[in-house]
Amino acid sequence: EHRARMLISCPDQPGIVATVSKFLHQHEANIVQSDQYTMDPEGGMFFIRIEFDLPNLESKLESLEKDFANVADEFQMNWRISLAHKKQKLAIFVSKEDHCLLELLWQWQAGDLYADIEMVVSNHSDMRELVESFGIPYYHIPVTADKKAEAEAKHLEVTAGKVDTIILARYMQIISPKFLQFFKNRMINIHHSFLPAFVGGKPYTQAFNRGVKIIGATAHYVTEELDGGPIIEQDVQRVSHRDSVHELKRIGRHIERIVLARAVSWHVEDRILVHENKTVVFN
Amino acid sequence: EHRARMLISCPDQPGIVATVSKFLHQHEANIVQSDQYTMDPEGGMFFIRIEFDLPNLESKLESLEKDFANVADEFQMNWRISLAHKKQKLAIFVSKEDHCLLELLWQWQAGDLYADIEMVVSNHSDMRELVESFGIPYYHIPVTADKKAEAEAKHLEVTAGKVDTIILARYMQIISPKFLQFFKNRMINIHHSFLPAFVGGKPYTQAFNRGVKIIGATAHYVTEELDGGPIIEQDVQRVSHRDSVHELKRIGRHIERIVLARAVSWHVEDRILVHENKTVVFN
Amino acid sequence: EHRARMLISCPDQPGIVATVSKFLHQHEANIVQSDQYTMDPEGGMFFIRIEFDLPNLESKLESLEKDFANVADEFQMNWRISLAHKKQKLAIFVSKEDHCLLELLWQWQAGDLYADIEMVVSNHSDMRELVESFGIPYYHIPVTADKKAEAEAKHLEVTAGKVDTIILARYMQIISPKFLQFFKNRMINIHHSFLPAFVGGKPYTQAFNRGVKIIGATAHYVTEELDGGPIIEQDVQRVSHRDSVHELKRIGRHIERIVLARAVSWHVEDRILVHENKTVVFN
Amino acid sequence: EHRARMLISCPDQPGIVATVSKFLHQHEANIVQSDQYTMDPEGGMFFIRIEFDLPNLESKLESLEKDFANVADEFQMNWRISLAHKKQKLAIFVSKEDHCLLELLWQWQAGDLYADIEMVVSNHSDMRELVESFGIPYYHIPVTADKKAEAEAKHLEVTAGKVDTIILARYMQIISPKFLQFFKNRMINIHHSFLPAFVGGKPYTQAFNRGVKIIGATAHYVTEELDGGPIIEQDVQRVSHRDSVHELKRIGRHIERIVLARAVSWHVEDRILVHENKTVVFN
């Protein structure tokens, strides 16, 4: 309860670590974990994630941030400090496939996913009973060709300012640019292929037709480019000529839920920094 | 030395296994291994690989094949019988990267690759000394824009009718359709990406730019479509934001050589059946 | 609904495949899949798994089995035929950890585990509500030092003759030899280590103390030797010095449930033959 | 050529990172990479690996080390600074299996292993020609029951003070405690099993007999306890009932050489800190 995380990205220059660690030490914070990475070549970006302990952290946070702003200015830092015990608020969007949602619900219930699941939003009503049995509100917001704008307005209404992050757990609708801008680098999608292979629809059928020997899944931040956002995590499993499209889907479901759950965990633990179209993951 | 392999593909219908196994039993062959696969749905293809033992095999092979031709006709079989102890003859094509060649040479020297490496062909002269130190002939056949036809003629001259299979072990030249037709399903390439991601040139740079978390390599039969032939084997390894293009190449080299060596082993052990643009691998 | 599976193990000799496939063909069965394996060296065992289609199978099964008994005698076969559409009946035993149970329930509900879960048996009452919400009976049978015999009698009463297979899904009680003999090769346990490393209690603590870089889980048939029965499946995941025992347990839970679910699937699909202390898995 | 690495382990306390980074900044060094890890719970150990750039490093190193000694004393640090461009000197010990040696030679030749291979030492003469063809001295030092002391004396004579690290690349002789003390945490062995499974002799036969579904290899620092030293790296590969002991050995060779090569790379890049019987690997 007195642990915080500090994430910084900025152009590299000498003295950043010294300055930041001196700052923390002077404010009586003890660094318990730090991961740092500098892009090559010279003139690259500097990234750091620091976990520190500081007694009575919550009461000191505001002044700490205020003081640090001066340091940050000097180095042109993009930065944030978050309290480790403060849970992020999540909304999970689903359509008809329940495996990714279930995995998140279980990990949440088992205490492995440290976050608050504030709501589940779906364009179908199928999973209401399941979701409500976990004590989580369920919003059924149909998305039809003629009511896109209305649906989007409802999405914004229930989520904007109310959740920190949106998880697309096999949500099969296109996200509008307008909605996206509210959740830049805060909306995670699971794509059911090893991106960039098999962008778009029916990736398991595409994989079957190409005869690949390994299939995969990809968790990424959503951007305006379809399946093109910064990749957070990928994993794969071996398949063979014996596996039909049906089998590929069955195997794929297990990869999808593991990959998405990992990505969400890293996100809520502030382990991910986004730079241009890539992620730096300190895990 | 009295073991043979029989490979069959044909449209599925009742009685194939019974007919073939009865045929072998009547000819005093003992089946020691059989792998079979029928594509779904109904009306699919039937594939089988049988290893059998038959005393004095070499002397009986011709009559066995003659007798089997009748069976094969009845079922419209695409088939072949090969002697397990008879080594395939290989030509390895390389350019400037030596890791895939070295892996094949070592596995060959260690007895893990059961084949005869008849020659190494290269558009550069760099590896002559290395190759000749293994007692293997080295053909330096330069390929320049204005002498493509000449080079192709030389390639055909040294390989056609003299080797069973050509291995492109990071050979960075396009194979002409004419040369290809001599080695249909008998020319194996290693592509340094997890196909179909990153088709074409500089796949590690492409992978770096896309920020993937896993890279791979793909061994496939060469067809007229660039990097589009039937996939034999793929493997992958996890990478991170810390890995530069240089690092991806280093990691990738280890995947490439393992994947190519596996594919070549399966090929020379008659474990691969090609159907349309896919492989059935009985391994 | 007209598909069956035939599993055979016997001492190897010439003509087994021919005899069996001829038998099936004469009985109008069509082999759609066959996997065969002969142990080396000469004088080894022969194993085969055949899937065949036969119209009106259910009505013909008895006479088919009767006829095949003669063939089986001749070759000293250990054999069985099972109907593919007939679901095995399972009992799942659990203690306090729910992850393996949940995985099985979910795969069962998703249609990925083709079996009937007849009951869940536990030495604790914790999971009653969860299990009953799936419509599955829950038997709370406490196991205390002074009431072992009583508990065992109850276990036998609820399971013997009523289920085909027992799954120990992190059931933390010793199974008595008497109970075991009722479920020889029909009781599957998940051990939370990469056996034979870390036999016995607290394997994650053992793994942490030894500083291993990869942890695993093992599904095996239960025999009288603790954690010593035939291994069905194993899988692993990479860990590092950063992972505490708590982390290892969290990572391990994901491996355990995947490995157990795979083993149970293979078992109920008749893909496993046991020979002495090993399994032949045709998957 | 102006890059150095600093490795520190010490009891954790507030201010270590601040003190060290301030020290480096004051000495005009720029931190380009830092990895840090603090063991839990409170009262644990602190580990850090820092890469820094410092112009004219070589001439300044002595005074830098002298100055840092004061800091180190204050925090009871176990520490060292090494120049990144200065190659470690290696001796490789082999017996009759050449695959691990060949992998190291190849990676060395390809520039992937940044070290000087000063010599190869063997109790057999088999690989002399191979090794000398790489321009590396070969010492044939037979080890027989009656001449152990003599062999040990020769080993010490050729290596002590002349190489930094000894690699046991499938060297099948016991290392004496006396020899060991000269190379504490500087002697790396590859064991051909997934330790702690199958300690001791014939691990592939042990693995075959136990019927495991995955085999592995383990690189570890050598200590007096057989196969019991701190584990550096492990990797595994899936096997099946089809794989004989011969096949396990063949598959295992590929795992062994990859695992050993990775461990050696990390060692020569100063990525490994040893604490009690475990390693902290910053890779």
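Every chain is named by a letter (A, B, C and D) in the order it is written, and numbering of its residues begins at 1.
Throughout what follows, contacts are C-beta pairs under 8 Å (C-beta built on N, C-alpha and C of every residue); 3 or more make two chains touch, one makes a residue touch a chain.
From a predicted model like this one, the values you see are computed outputs, not experimental measurements.
Chains touching both chain C and chain D: A, B. Averaging Cα atoms per chain gives one point for each, and the point farthest from that of chain B is the centre of A. As a whole-number value, the distance joining the C-alpha centres of chain B and chain C reads 37 Å. Centre-to-centre spacing of chain A and chain B amounts to 41 Å, using the average Cα coordinate of each chain. Within chain C, residues 37 each touch two or more of the remaining chains. Within the complex formed with chain D, the chain C residues making contact are 37, 40, 194-198, 210-214, 216, 230-236, 240-242, 244, 277-281. Residues of chain C that touch chain A in their complex: 98-99, 102, 106, 110, 112, 133, 250, 253-254, 258. Chain B makes touch with chain C in their complex at residues 12-19, 21-22, 24-25, 28, 30-38.
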